[in-house]
Structure formats: structure tokens, C-alpha cells
Amino acid sequence: MNYNKLFSKLYGAVGDADELGQVASYIPELANINPNKFGVHLTTLNDNNYRYGDSDEKFSVQSIAKVLALVLAYKLEDEKLWDRVGVEPSGTPFNSLVQLEYDKGIPRNPLINAGALVISDILVSYFDEPKKQFIEFVRKVSGIPEIDFSARIADSEKSVGYTNAALVNLMKSFGNIRNNVDTVLDFYFNLCSIEMTCKELSRTFLFLADYGVCPYSNERIISISKSKRINAIMQLCGFYDEAGEFSFKVGLPGKSGVGGGIIAIHPNKYSIAVWSPRLNKKGNSIRGMKFLELFTTETKASIF
Amino acid sequence: MNYNKLFSKLYGAVGDADELGQVASYIPELANINPNKFGVHLTTLNDNNYRYGDSDEKFSVQSIAKVLALVLAYKLEDEKLWDRVGVEPSGTPFNSLVQLEYDKGIPRNPLINAGALVISDILVSYFDEPKKQFIEFVRKVSGIPEIDFSARIADSEKSVGYTNAALVNLMKSFGNIRNNVDTVLDFYFNLCSIEMTCKELSRTFLFLADYGVCPYSNERIISISKSKRINAIMQLCGFYDEAGEFSFKVGLPGKSGVGGGIIAIHPNKYSIAVWSPRLNKKGNSIRGMKFLELFTTETKASIF
Amino acid sequence: MNYNKLFSKLYGAVGDADELGQVASYIPELANINPNKFGVHLTTLNDNNYRYGDSDEKFSVQSIAKVLALVLAYKLEDEKLWDRVGVEPSGTPFNSLVQLEYDKGIPRNPLINAGALVISDILVSYFDEPKKQFIEFVRKVSGIPEIDFSARIADSEKSVGYTNAALVNLMKSFGNIRNNVDTVLDFYFNLCSIEMTCKELSRTFLFLADYGVCPYSNERIISISKSKRINAIMQLCGFYDEAGEFSFKVGLPGKSGVGGGIIAIHPNKYSIAVWSPRLNKKGNSIRGMKFLELFTTETKASIF
Amino acid sequence: MNYNKLFSKLYGAVGDADELGQVASYIPELANINPNKFGVHLTTLNDNNYRYGDSDEKFSVQSIAKVLALVLAYKLEDEKLWDRVGVEPSGTPFNSLVQLEYDKGIPRNPLINAGALVISDILVSYFDEPKKQFIEFVRKVSGIPEIDFSARIADSEKSVGYTNAALVNLMKSFGNIRNNVDTVLDFYFNLCSIEMTCKELSRTFLFLADYGVCPYSNERIISISKSKRINAIMQLCGFYDEAGEFSFKVGLPGKSGVGGGIIAIHPNKYSIAVWSPRLNKKGNSIRGMKFLELFTTETKASIF
């Protein structure tokens, strides 16, 4: 099926959402984005590519990169990873300390900020040059050697990152952070600063549609079981406290970022990346979610 | 594939879990069950049936019936149903009032007790003889005219049902219960008292594997979209605060009950019912969950 | 010192607050009160009496009566009372179920609704005719045989008392209510329906300024130690989640009710009752609190 | 009245509590204290002094010093102080982030850690040399020029102070911390490191029994109204989530520290300092609380 025409039609259908929502504004680097940008790129397992709009423009993937950090940490640590982070939906807003305090420093899942900080701590422990070695992993998975951190974004986040500093210190007080808090925060802010286009994002995540094998290199990144489990975590925890809404309406595992990006996976079929910077109150892209809802409804593509 | 041999093998593999866990004991009627019972029944869309153990013995399906009440209420109310109940995982234990008070009487989802009480209220409003008309719906969906409430179980639950009385009164104080609280509780306790065998349970839920069509009668119960959405809700909310664990390890939408039953759906393929009364601390069947984990691992059957 | 002139002056000073605040409206019987009513009555240990405004008009004392129920239960149960109810401020709004669920059915203190329901349960257990015997106790303490429940108010509260029904059922589920929930609620709603004038209220509570002795009859109602402890509980818990504010600004132990009444005690000196029906968002009388703040500031009368 | 003999007798009566409780162990400097130390010192307004036990031995006053920081900040900021910190009991354990997140970065009161961090921030903003100028204030109030910080204790706290770092970062994220977080933490850890003997502690706090006037110098430290209000805050918030228990049993405004010290004030009469390092689970001195309970019971000295 050629999706290009469908993308164009669906873009028209979501247009009304233009006026709604705000671009993330807590750092100037994100606030300066043109709020009306919209791009989508879908890559199938046999490398058919479909696209619409600003799909070749770089944007800050933000929390979407947490999935890649999780993949690497899970690969390295196996099941003992789950001693330090849970797999349950958080049920509370994305930067909440309440649950963390109640659960004695164990984050509910690896895709909320607290969980991604624990994952960052694990990677910092594991590597000599964590940032360098992590970005090399991302390049390998994607087959795109140009993917990189944005020092500008990372610095900007660091200058206002008090909530994340609170989280990492709280977890350190419970013994669930092993490294220096500033080192962990530096890794974390860089992780969230990665920039990709919709095309790059779609291609990077295709291995999760292929049960853990990178379709470009035919290299296995992670086992079938781990690949499925990461998709399960995205399904339940990928959209902050709107995971139910996304599952209900879109029906694919996915992950959003406050840069306005969303990646969604159809196991054994394709990965699809959407980007539109206006966010709803939960921090998810309004047009991105709506577009994916229409897309899976139209194509009857939900996994359920 | 003939699953009978696999069932037998997997039953051996979960045997170690025998010693662990307690039968639900808050009502005598549940506490009296032989804790070592174990049954499983799988029904495929083309009506192949596979079974093991005590799969033809009746047990109390308890919260599993909440899914059937949801199906009927969703069918009757369409999307306006979601004004009165959410679709997000609860993130807290299954009978918690905290979230409910915080959210002004709107339950997080229709599969926690509070949500099922709102669904009960809706059905009570809709029907002249709610209990009678509901059980007729269940019989139609399952094609099994003998399915019935257990007055014994319902009475027993009613005699100790103070937490549910607290929930329904709290929601009434927020205006989210329209009928007399005792009428709603009576419907709810009857709903949870339904008894089925694994075979009956598996057959009753098969329409959710068939995108809303009852495979015995070829009658459409609910629309494709609604069928998928109910599966999505089960995936995110079907196991109290262990939904993530079940998604992660089993990877199928499902629902558990404190009677020790679990139903799981593989869309477009089959439904599978397991029963084993010993529960873990979260209220889910220990051997049931383990069995399903081994089954989907062995058959690579997760939807992810 | 003759306070009559001071009362008149201070009434002028609080007049600006007239426009603010709402009369309690959750039951029609309370909503019908003239919001501009204002009365105050102070009784000293040697029976000097000072008054201003509508001090001889009956109003619904509501939660203020919880103190009298506590006095009687403490007298009957001694220190074993504290196995079933705490003495700590609640830190959350007055009808919150959160704390109660967290603390397994043990209310934080006897002056929040949950605590007063446990006290009601205790009195119901103790007496053959709980309502009759309780009102006789109040009449004895006050020396005023006409004091009575208002059946009209009690019935009105009962008709909308779902939050209290939720509380009592929740505590029953934890085993901290021994009697039938309807019996306990009936006692509780009657307790809160007692009507007094400012003069009667002031005289009724004078024994707590006299270390437990009723100054009219010279009869000891409770021991010195218990009398001081009840004052301490009022100081910390008497104003829902505004107890700190009242202690900070007024500096006397006291208790408010949503009827707009406030009683305050100056140990070894006097008791003072104020009534003004407009409430702030925390459920306390706006002009009543302001009047008492000005009064203790002017007379340097705080216990601190 | 000569209290020396009574102190000796009451010490005997609390002796049984010896075995119970643990010395604070989160920093080695506190863990090394002899757990069986016990001292008490009472100073009356007309400078009568009564003592028992190890009352001339220095110990770490810890959180007790928060009251002195509050006095200074209140003096400097007047009522606008309360825009940044509340006066309500916390209702939750002493280092909880839950309440703080719920209340958008405004601590419930100035005596919990979060509140004292805001007070620290205010003093850091106000002074050129905050630590120097604060300790000079303490020396002036006490009339004891030798009182000082313990660099050893402050450094030790800093090395494990992740919970406080979490608190200050969280409040910074809400805009309620104006200075660099490390500067604020440095001031805070020094504040808590002050060492005094029981005698020094009793004499330092005597101005709060004298309505704000330092009885040694006859200098007014703060106004009558502010002095009373600080006593009210101690009464409601001085013992973490055991403030009710202390008010109920002891009936005096006071403040405890995890070093095992307690200060209590009898307005217009005396101040009394007790020290005994074994703590209960709430972080308050077991023998200290018991001793004060027996003392106020025996002398009928509660303010209620």
C-alpha cells in the first residue's frame, strides 16, 4: 500500500488542531520552533518509505531517546535491570516525585524522567566515555553516522533542570544512583538533546518492528524477547499519564517527546515517526496523536 | 498447532509455584476452594479447542466479568461513556480511594472496582431488569444459556463489601453515581459472582479475538473499533497495578479475577482462559500468570 | 475588664469582611441562614458575661459538637480511646479519605469527620439509647435543659451525606467501626445538628476553661489532665487544615463548625463563642476568625 | 519552686526507656554519641537555674536551630515571609516531598526541612556573610559568645545530604529558591550543625518565654506578637508528624532535633532544654519526650 496519498489526506483532517496547544517553552531552544511544522515518515521492514511535510527537518527528539538508552541498558544488564526500575505505568504526571518517594527511590518505569535517570546512571557506570559510546550505539542502530547530540539544547536544559536534579538527588538518597549526580545529569541532558528528522527517527526505531534485528545491517541489536518487552513498555508507559489514551485511540506501542515528536511501532510491519510541536497539557503532540489515531483507524492497523 | 501437549509440559514447569500464594479469603465462599486446582482452555477462531487440567470445573470469575459489563455499556453509550470513567492505568492498588478523590469521582478506568461500579450504575439506569438483562447478554455472547450468577457468592460479598460501599458513596458525593447506592452495589456484587469453567470463559471472550463478532452466531456484538479499544484497555488496566508486569511478560491483553481466573486474547487468533486459585500480593493468580508467560514465550505469541 | 465596648469596636473593624465568603450550601437548611448574622458571647469563670449582636439566636453548631462527643467518649474509654483514633493534625482537607486509607482506617484525630464517626461508634456501643443519653450529657455540662438536636437539620444532612457514608464504610472495611453503619451515621448526623445560641455555646464549653469542672454545678466532668489534653487537640486539630492559621493568629484552643460558629477557650479565664455564617474556602467563619484575631491581639490574650 | 529534686526523681522514672530507640545514624558524627547521655536545664525569667545530668555537655542541636533562623527571617521580612512558607502542620514525615509537590513548592511550615531551606534562602539573600551574621545573631540572643557551628558536622551532613538537595532543587523548579542551590544548602547544613549544652540551649530560647525580650540584655529581639506566633508554630509544627502527641502529652510549645535535644517554652515562666540521644521512629528523643510529659504532669504546667 502506498501511504503518501493517505498521509496527505489525513494531514488535512487534523488541520483544525493547528490553533490548539503550546510549544514546549521551558527552554528557549524549544520555544523558538515554528509551531506549525508537521512531518511524518513511515518505513516498512522491506524498506518502503512514505512521507509527508517537514519530514526531513531536524528536531529535538527529547524523551524518545529514552527508549534507545533503555535498549542499550537492557542489553547490557539483562533482567537484573528490573531491580532498579519497574515496568508499571506511573499513573501520575511525568515528573512526579510522589510515586518515587512512596516506592523508595525505584522509578515506576524506565520512560519517565526518574527511570531514564536510573538508566543513565547504569550507562555511566558501564562505559568509560558514556556519551560517546551511547551516540555510537544510536548511529549503529540507525545506520546514520551523522546523528548527534545538540550541545546547545543540552546546555539549555541543564540551566533549568531543577526538577531532574531533585529526582536524581532523591534517588541518590535512596541509594538508587551510584555515580556523581552531576555526571548522571550531564549524560541525561545530552541524551534528551539528540536531534533527528522524522525519516531518521523512523529508520532508527525500525529494529523494534523487526523483533530486535537492524534491517539495514541484519545485525541483531537485542533478542526477540527483549524487543517485544520494550514494545510492551512503550505501550504502557510511552505517553506519560496519557498512555491509556494513546493505546485506546492509536493502538500501537510508541513514545513521545516534548519536542513534538512521536515514534510508533507496528511489530513485523513498520515504524512511523510524526512531528508537530504543539503539545497538549500532558506534554504530547496534539496533531501527532490525532494523525496517528486517524491513520490506524483508516488502515485498521492497531495491534489489538 | 496442537497445544494440548504443550499445556501439559508447561503445567509441569509452573508446578514449583504450588507452594506460593494464598487463595482469596475475604469471603468464605472463595476461601473454601481447593488451592491446587489448575485448568486451562484455549479456543481458536475456527473453533479448535485445547485444554488441560480442571478446565471443566466452575469457578467464580469475579472481576473478569467487568469486561463484559464494559462491553455492554460501551455498546449502549458510545464515546460519551468516557465522560464518566477514564482509560488510564490506575498506578495504585485495585481498591484505592486516593486516586478517585483526587480525580473528583471519575475512576481512572472501567476495570478497577470504582470504574466497574460506574459501569454498573450505567447499566442499572439503562435496563428495567438490569441483572436479568445483563446475564442474557452474557449468554448471548457466549452461546451458553446455562451461565448464571451465584446468589451464594453475591450474598457473601455483600456481607463484607464495605470498601465497595465506600467507593460508591464517594462517587455519589461527586455526582458520578445516578442510582440508589444499594441498587448499584447489588448489581455489582452479582456481576462479580458469575461462575464459568475455563472452557466457558474462553468461549465467552472469543468475540474480542474476532474484532467484535461472536464466532458461534456470526452476530456482531460491538464494532471493530470498540473491540480493539476494549482490548487496549485490558492491556493497560487488566491486572490492577501489575498490568505492566503482565504486558511485559505475557504480551497479550487480558483480565484477571481474585477467583484465580485469567482471560487473555490474541487478536485474530484465539482466546485462552487459565484458572489457578493461589494469588500473589497484587491479587493475580500466580500459576496463571506464570503459565501464560511460558506459553507466549514458547509460542512467540505476544502481540508486540 | 468589660468587654462589651471592645466587642462593639471590633465588630466595626471586621465589617469589611461582610462581602466575602459563602454560607454553607450543601444542605438547604444551612443555605437559608441570613449570611450577615453576627453574634459573640464571652463567659468568664466567675460568671461575668459579655455579648454583642445576634448572640441569643440559635444556630447549627455542626462540628463544634464533636468536641462534646469526644469529651464523653474520652471519659468513658480513658486512654484506650487512642487505639482507634490519633491526635495528630490531618494536614489535608476535612473530609479526605486519602489519609484514612493510608493509615488503615485509623483517623488522624477525633475532630475530623472520620474521627468523629469513630467516636460516634464508641458512644453507640456504650449506650442503650445513644442519642438520648448524649443530649442529656450536653444538657448537664451546659446546665441548659432546652438544648436539643434538630431533626430537620439531621434529616437534611442524611439526605446528602454520601461522603460520610464513604468514610464510615471505609473504616468498617478496616474493622474500625463496630456497629451498623446506618446506626453510626444516624448518631453522627444528629450530633452535628445540635442548635445553640452563642450564649449557650459559650456556657456549655466553660468547663474546658475550668480544667474539667462545670462551673455552674461544681461537678467535675473530666479530669484536669483530660481537660488539658482536649484543649491541646482543639489547638492542633480544631480548624480542619487551617489549624495552624488559627493558632498563629488567634492563639487559643478552639473549634469551628460549618454553621459559622467558633468556640475558643482561654484556660483558667473564659470561653468565647462567635457566630457569623459566611465561610472561607477551608470551611471556617471568615468574620469569626477575624474577630477572634483582633480580640486576642487587642487583649494580648493568646496562650502563647 | 526548686526543680532539681524533681528532675532527679523524674530521671529515675524515665529510666526504663533506656533500652529503646536508636541514636541518629545517617552521619557518623551523630552515630558516635553515647546513647545513654541525659541532661536537662531549666531557666526561669528571673534567672533561676535548675539542672540534672549531662546538662553542660555540648551536643548537636540540629533542627532546633531552625527556630532561630525563623526568628531572624520573620524579624527581617515581617508578614510577607508567609508568601513563601505556610504555618500549617505537615501531616507527613519530616522530609516528605509529596506535600511540597502538591503545594507547588511552598513548604507547609518553616520547621520542616523544606521550610527551613526557604528560610535559609531568605537569610542568604539578606546578608553579605550569611553564616557569620547568623551566628552573631544567635550569640546576641543567647548572650553566649562561644556558640558556634561545627564544621565537622556540617561537612558530614553535606556528604549525605541528598534528600535536602532534592528538596531545594524541587523548590527551585517552582521558583521558591532565589539563590544558588549549593549556597543555600551550605547555609542550611551549617545552621543544623550548631552545638550547645542544655544550659546554653535553655538560655538561648528564654526570650520566647519573655514575649520577645532577651532577659539578659533587656533588648527586644522581636515583637510580642511575633514571639507568640513563633510559639504557636512550634506548638503545631515542632515535632515533625508527632506534634499532636507532644502537645497532647506535654502541652508546651517546643522543638526537637535528631541530635536528641528538645527545647520547650512556658510563656511568661521559663524555658527548658532536655537532651537524650535515643530517638523514636518519628525522629524525636524518647526519654526527652517522656521526661517532659512527666514534668508537666507533675507540675500541672501545660499551657492548656
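Annotations
So that you can tell them apart, the chains are marked A, B, C and D in the order they are listed, and the count of residues begins at 1 in each.
Here is the rule we go by: contacts are C-beta pairs under 8 Å (C-beta built on N, C-alpha and C of every residue); 3 or more make two chains touch, one makes a residue touch a chain.
Quick caveat, the model's predicted, so the values are computed rather than measured.
Shared contact partners of subunit A and subunit B: not a single chain qualifies.
With every chain reduced to the mean of its CA atoms, the largest distance from subunit B is reached by D. Mean C-alpha positions place subunit A and subunit D at a centre distance of 47 Å. Chain centres here are Cα averages; for subunit B and subunit D they lie 54 Å apart.
Per-chain CA centroids place subunit C at a distance of 32 Å from subunit D. Of all residues in subunit C, none touches 2 or more other chains. The touch graph of the protein chains shown is a ring with every node of degree two.
Chains touching one another, given as pairs, are A-B, A-D, B-C, C-D. Across the complex, subunit C is touched by residues 96-98, 101-102, 162-163, 165-167, 169-170, 172-173, 181 of subunit B.
Put simply, subunit C touches subunit D in their complex at residues 86-92, 99, 108-109, 224-225, 227-229, 231-233, 235-237, 241-245, 247-249, 251, 253, 267, 297, 300, 302-304.
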